[in-house]
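To keep things simple, chains are lettered A, B, C and D as they appear, and every chain counts its residues starting from 1.
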Amino acid sequence: MSTFGHIFRVTTYGESHCASVGAIIDGCPPGLNLEPSDIQVQLNRRRPGQSNLTTPRNEKDLVHLQSGIEYGVTLGTPISLLVKNEDQRPHDYSETDLYPRPSHADYTYLEKYGIKASSGGGRSSARETIGRVAAGAIAEKYLKLAYGIEVVAFVSSVGKIHLPSTVASPSSSDADNDDAQDAVSEEFKHLLATVTREQVDSHPIRCPHPETAERMTQRIVRAKDAMDSIGGTITCVIRNVPPGLGEPVFDKFEATLGHAMLSIPATKAFEIGSGFKGTEVPGSKHNDPFVKREDGRLGTKSNWSGGVQGGITNGEDIYFRIGFKSPATISQAQETAQYDGTPGSLAARGRHDPCVVPRAVPIVEAMACIVIMDQLLIQNARKTAASLLPPVTTLPSTMVLRKKTA
Amino acid sequence: MSTFGHIFRVTTYGESHCASVGAIIDGCPPGLNLEPSDIQVQLNRRRPGQSNLTTPRNEKDLVHLQSGIEYGVTLGTPISLLVKNEDQRPHDYSETDLYPRPSHADYTYLEKYGIKASSGGGRSSARETIGRVAAGAIAEKYLKLAYGIEVVAFVSSVGKIHLPSTVASPSSSDADNDDAQDAVSEEFKHLLATVTREQVDSHPIRCPHPETAERMTQRIVRAKDAMDSIGGTITCVIRNVPPGLGEPVFDKFEATLGHAMLSIPATKAFEIGSGFKGTEVPGSKHNDPFVKREDGRLGTKSNWSGGVQGGITNGEDIYFRIGFKSPATISQAQETAQYDGTPGSLAARGRHDPCVVPRAVPIVEAMACIVIMDQLLIQNARKTAASLLPPVTTLPSTMVLRKKTA
Amino acid sequence: MSTFGHIFRVTTYGESHCASVGAIIDGCPPGLNLEPSDIQVQLNRRRPGQSNLTTPRNEKDLVHLQSGIEYGVTLGTPISLLVKNEDQRPHDYSETDLYPRPSHADYTYLEKYGIKASSGGGRSSARETIGRVAAGAIAEKYLKLAYGIEVVAFVSSVGKIHLPSTVASPSSSDADNDDAQDAVSEEFKHLLATVTREQVDSHPIRCPHPETAERMTQRIVRAKDAMDSIGGTITCVIRNVPPGLGEPVFDKFEATLGHAMLSIPATKAFEIGSGFKGTEVPGSKHNDPFVKREDGRLGTKSNWSGGVQGGITNGEDIYFRIGFKSPATISQAQETAQYDGTPGSLAARGRHDPCVVPRAVPIVEAMACIVIMDQLLIQNARKTAASLLPPVTTLPSTMVLRKKTA
Amino acid sequence: MSTFGHIFRVTTYGESHCASVGAIIDGCPPGLNLEPSDIQVQLNRRRPGQSNLTTPRNEKDLVHLQSGIEYGVTLGTPISLLVKNEDQRPHDYSETDLYPRPSHADYTYLEKYGIKASSGGGRSSARETIGRVAAGAIAEKYLKLAYGIEVVAFVSSVGKIHLPSTVASPSSSDADNDDAQDAVSEEFKHLLATVTREQVDSHPIRCPHPETAERMTQRIVRAKDAMDSIGGTITCVIRNVPPGLGEPVFDKFEATLGHAMLSIPATKAFEIGSGFKGTEVPGSKHNDPFVKREDGRLGTKSNWSGGVQGGITNGEDIYFRIGFKSPATISQAQETAQYDGTPGSLAARGRHDPCVVPRAVPIVEAMACIVIMDQLLIQNARKTAASLLPPVTTLPSTMVLRKKTA
């Protein structure tokens, strides 16, 4: 389906060779000050041609707002927006069209629809994400103004080049010894707590650790020179999310977040908090003990949970990681088969991103904002409704929310 | 929300101290032969008390079908079913109720609802999954009869004890050298292609590799003896899924599957195909070249994609892995804080699973079946609709599905 | 689908010959005091055997709460409830099974599902409405406590016996003369403003006008004596609904309300406010001019709109009317055809309601409450979200909500 | 919400003063030949300026397809389309802005959103329906090609001027005598069976009975001359819908159809088949006896049900009627109050339709097509799924669909 969300609903359209790509955002709160520049800034971070590491196509990707806003203020009605496809000619026929590109969507789109766009992969095109990024920028503007929520994503690995300490290594090869296990290092905790978009954007690779960013750059250049491609991971942190978001049992916060992230093209993996590594750590070390915070609220000493417990946010920073595979389109020849099964060799023409993670950073942020926005609206509906009821007096005191500070 | 799916819709209810837990399954195809035993077999694999590695409570968990079936055949109307909670007394007040259990859902449920069940974590209770397992068993019966689809999940790690070769190790510590990278070993490919539920169930730990299963058992015993807990991972393979399932752009197959898996209690991570490891492999090695299969269809030589490309199944085996954290409830004392912030020490009473993965195997299978069932129905709606149209003649031949064999 | 609502979601199950009928209510606000008696009172008004005008079966229809409530307080988690079917034996085969009952659902259920329940009409059974009535009673309890909302439905016609002045007659047969047109009489306005459930229940026919109620009774007795049946209409008024409910453009208040009402068995017609009659009245007479109310708010002088303008409630009383056809099952012989087309004569066995409207009154009330509850939650999500934004200062003053009183 | 449908999903956007209005249509079957002219023809029937009975604004309303189509064939991906608003300047401030227009949406939009478009009624503008009409034209093209489904709507009344015999009158004023009752006359049955769009469009009023059309015209002219407005009704017939559509219990065919129709601006009433009149007719006369049709299928002798029984289509013609109130905007002065409660007199400026029903005809057809399309896709999913199961052999023969002819 091309719609995401229950109350804040984003519907996107468009593939790479049609007139435009865009989205309708339904359910945006009214009264939000919104200028095209609020959206354009994230579209610019997503668009191609930002550096010599990405495809050299230089599309402007200017957003055109169609509805739902007057005098720079949202009306509460659907916001429609679009970005024109500069080059919308249907793809010319060529010999390479006889081949479904390996690990691309040509084959599956044809199987699913019985027909496919001339560009091949249809909606699996990266251009589809323009609508998401624009919708996410709207959500982000609201979240920042109303809650001070901050969402910062960054590249945490390219190929085997990892940001130091994003996840700690097991202390030894002794599989039975987990004493020294630390799922998240102090250094990484500091990064999560402080990293800004400015830091992220200070290097085109969007890794906030300059030395690592340089090594990542070299890795991408190497892939490019080899007419090859390389994958990577993005880590994202969200700060100031209030406790209580997430809708058990099927729309738990991390389930909806994972859904959103795994719908981004080229993603193959998602983990929240300590993730896969954390499964190796015993409960006594993995549990996050509670402490009284300075503001009187209850917080947690560690945060292996990644800000979510029982599928509901607990007010701590939310952090998660997404794996992006190497781009399927590579210029070197691949031994494969045509649609009719005839074996042959295919070499992609044109120019392509050798690595998608730098440009995927704003997409991850956008999807995160869309998820939080929707979950916030649902939770606010519940809280407002409950607040109108007479106080409950018949319950044991441990079952009712009390002031948690003296 | 407590409903999952668009056409095949599962709605669950219940927490651990209420009268019963159960589900309404709406949208099941009519005419399916369905006996209580089809459901009970999976409930039995999920229920506690199966071995001395799980909680010693011995609940029978008998399914009671309420509607939607006559003479052992589904009517197409909602199937309601329930399992009684043998012990439904509200939890007695105790001193430990002053404490939110660290990394459990007590705190977040209270923050979300302003009230919580006497049992603490409300719907985060493992008993909630009974409705899922029952619904999944119904979907599985259909999928097997109509498509020959097989779903087999198994424990692939407990703590640091991993099934050999579930994911290959990088060949060297040289991060720039990825020549020898193999995301999935031959041994693991063989396991995915052949593993059966009988093999999985031949050891109580539900790991199909006897030697590893024994080491996993020792690891759990060690956790139990230490009044501690340990996490693990489950890998699942799905065979015979037809190509074409998955609904771009937001309900791509892996996005919906990830959503389903991450809604299972205690999950923190999900990856499909080569997952996180695959992000380190260049495209030239990670891509799955096409080959003509014996049945004339197009297949892929390797399957790093895990059966999904562009968010749509390609007919190859689907495999994925889920990370389960260590259970939060442990018997040893934890330094933490009370709801009001007062520091103190909490030791859980009662008996709990030291490791959830053996019992989570049927839950993973159930959610996989529910996802496939719903996606199949949606895709069948599209295919049937398209098949009723006059043939398209104006399109370039590369855009239309043709017989792919001579 | 068997689920209704977006945030307050009701899923029902059950047909007449299965073990039980019931519902899962998801999204109920937490902290609501709820006793079984709150639900039972409306189930009692719905159940058969209340008078000699309804089917003489005397089912107890006792509600059994399964989940979502502890100590008489809702937890915010799904509330599951069920009512046992006392007689759940599958219908015995008989010669009359060869015939689809005319205007009943036997034929269409068989066509839709390729299989049908032994009772024939499957989910078109009146017993299906038990889940709705129970869910509606929960919603009503909330709406009354939190908003003082009152919902009262009553029988406004049986056959040709109409409550006086429910809709005024055109003043003359001159189609071009609409001077004297009055869509709603003063007497009817008074009734809408004051009618209570006690008044409605003071006569078994549930018409609050004693003289008319008596004539309606005679009409039903005449139908019963003739082994025939008769239809009727129900009018419903809702008081104290706040302005702002309804979700344009597709989920306008009256669209969702009409959906809900037309999903009740045997309904064929719905109108709100002046309805069909109002289409004959020119705008100058049909428009509802604004006036300042005593409480300072803006109200309307007349209320032909029925409390809804532009698909959104305006704070005035909401009133609407639903048409129920004559029950299809009648005891007299009908010339019709068998499933295989063979002509023949069918006379229904058993005993059936000769008129459904008296028992349908609580069903109408229930569906109204469910609609309001869901729309309230959605609107509260929006209002709460908007209230957290900084004030909008750039808009012309006529575009922003101001205090409407000096 | 601005999205309608489950599988065939239409999302619209736009109000009267923004850049464009339009829609995203998601879930359209792939392989459908679709030209802009397929859509434009219905947009032309909806646009203003068609005759001197409608507003003299002459907007071209040209459709611009954005995505989802290549070489004139649908790809199965979202179809986005838009129509530019020729005059998109925000409304100038004026003294009349102090007044909410009586029975218009100015007041309720402001109450709902706390802000309103400068044009006043926001999405209640008739221009919002452009997206619906375009989406409906796409659905209609499919329904016609794949099923031969015909949808024809026409004006059945303007004010008190009714098409003869759309519903029969009671034969006498004796409320107890219903012997001569006929809910639908023979003449009307003939009209339903034969009426074409060409006949409907042969008169600008879109009533297929020339003499009545002329009287309706005079009635509208009279309203216009009086600076007043007048309401009316539209009747719609749908032919060749297969049996089995409709999704009990909440999405019964008539419930979903009623929802769709009551979401059209200015609608206040909906009835299917014999509707309100039919409630006065006893079951023995109202029931539709079965007969064997020439094609061997089972049909019904009469069709008071309007093609739907138990919420499911039975293969007979579907017919229904919608009531549209008189337009709220009239040029004569109205005594009303300002937003702040100050009494005063408001006279609308500009030019407005004195009666909306002629232009609403294509909107009704569009919403009907959208409903059928979505229900067809859901039912096809079920039928296809059921057809893949082994035959059921354990059921009594009366419970299973058999060939109904020798």
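Just so it is clear, a residue touches a chain if its C-beta (ideal position, glycine included) is under 8 Å from a C-beta of that chain, and two chains touch if they have at least 3 such contacts.
Please read these numbers as outputs of a predicted model, since none were measured by experiment.
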Intersection of contact partners for chain A and chain B: C, D
Label of the chain whose CA centroid is most distant from the centroid of chain C: A
A-D against A-C, pair bridged by the larger set of C-beta contacts: A-D
Centroid spacing, where centroids are CA-atom means, of chain A and chain C in whole angstrom: 44
Where chain C and chain D are represented by their mean Cα positions, the distance between them in whole Å: 23
Rounded Å distance between chain A and chain D, as computed from the means of their C-alpha atoms: 41
Where chain A touches two or more other chains at once, by residue number: 1-3, 6, 12, 27, 30-31, 70-71, 73, 76-77, 112-118, 122-123, 248, 382-383, 386, 392, 395-396, 399
Graph class of chain-chain contacts, one of line, ring, star, complete, other: complete
Complex contact set, residues of chain C against chain B: 1-3, 9, 11-15, 17-22, 24, 26-27, 30-31, 64-71, 73, 75-80, 82, 90, 112-118, 122-123
Chain A residues touching chain C - in the complex, by the definition given at the top: 6-7, 27, 29-33, 70-73, 76-77, 142, 145-147, 248, 376-378, 380-386, 388-390, 392, 394-396, 399
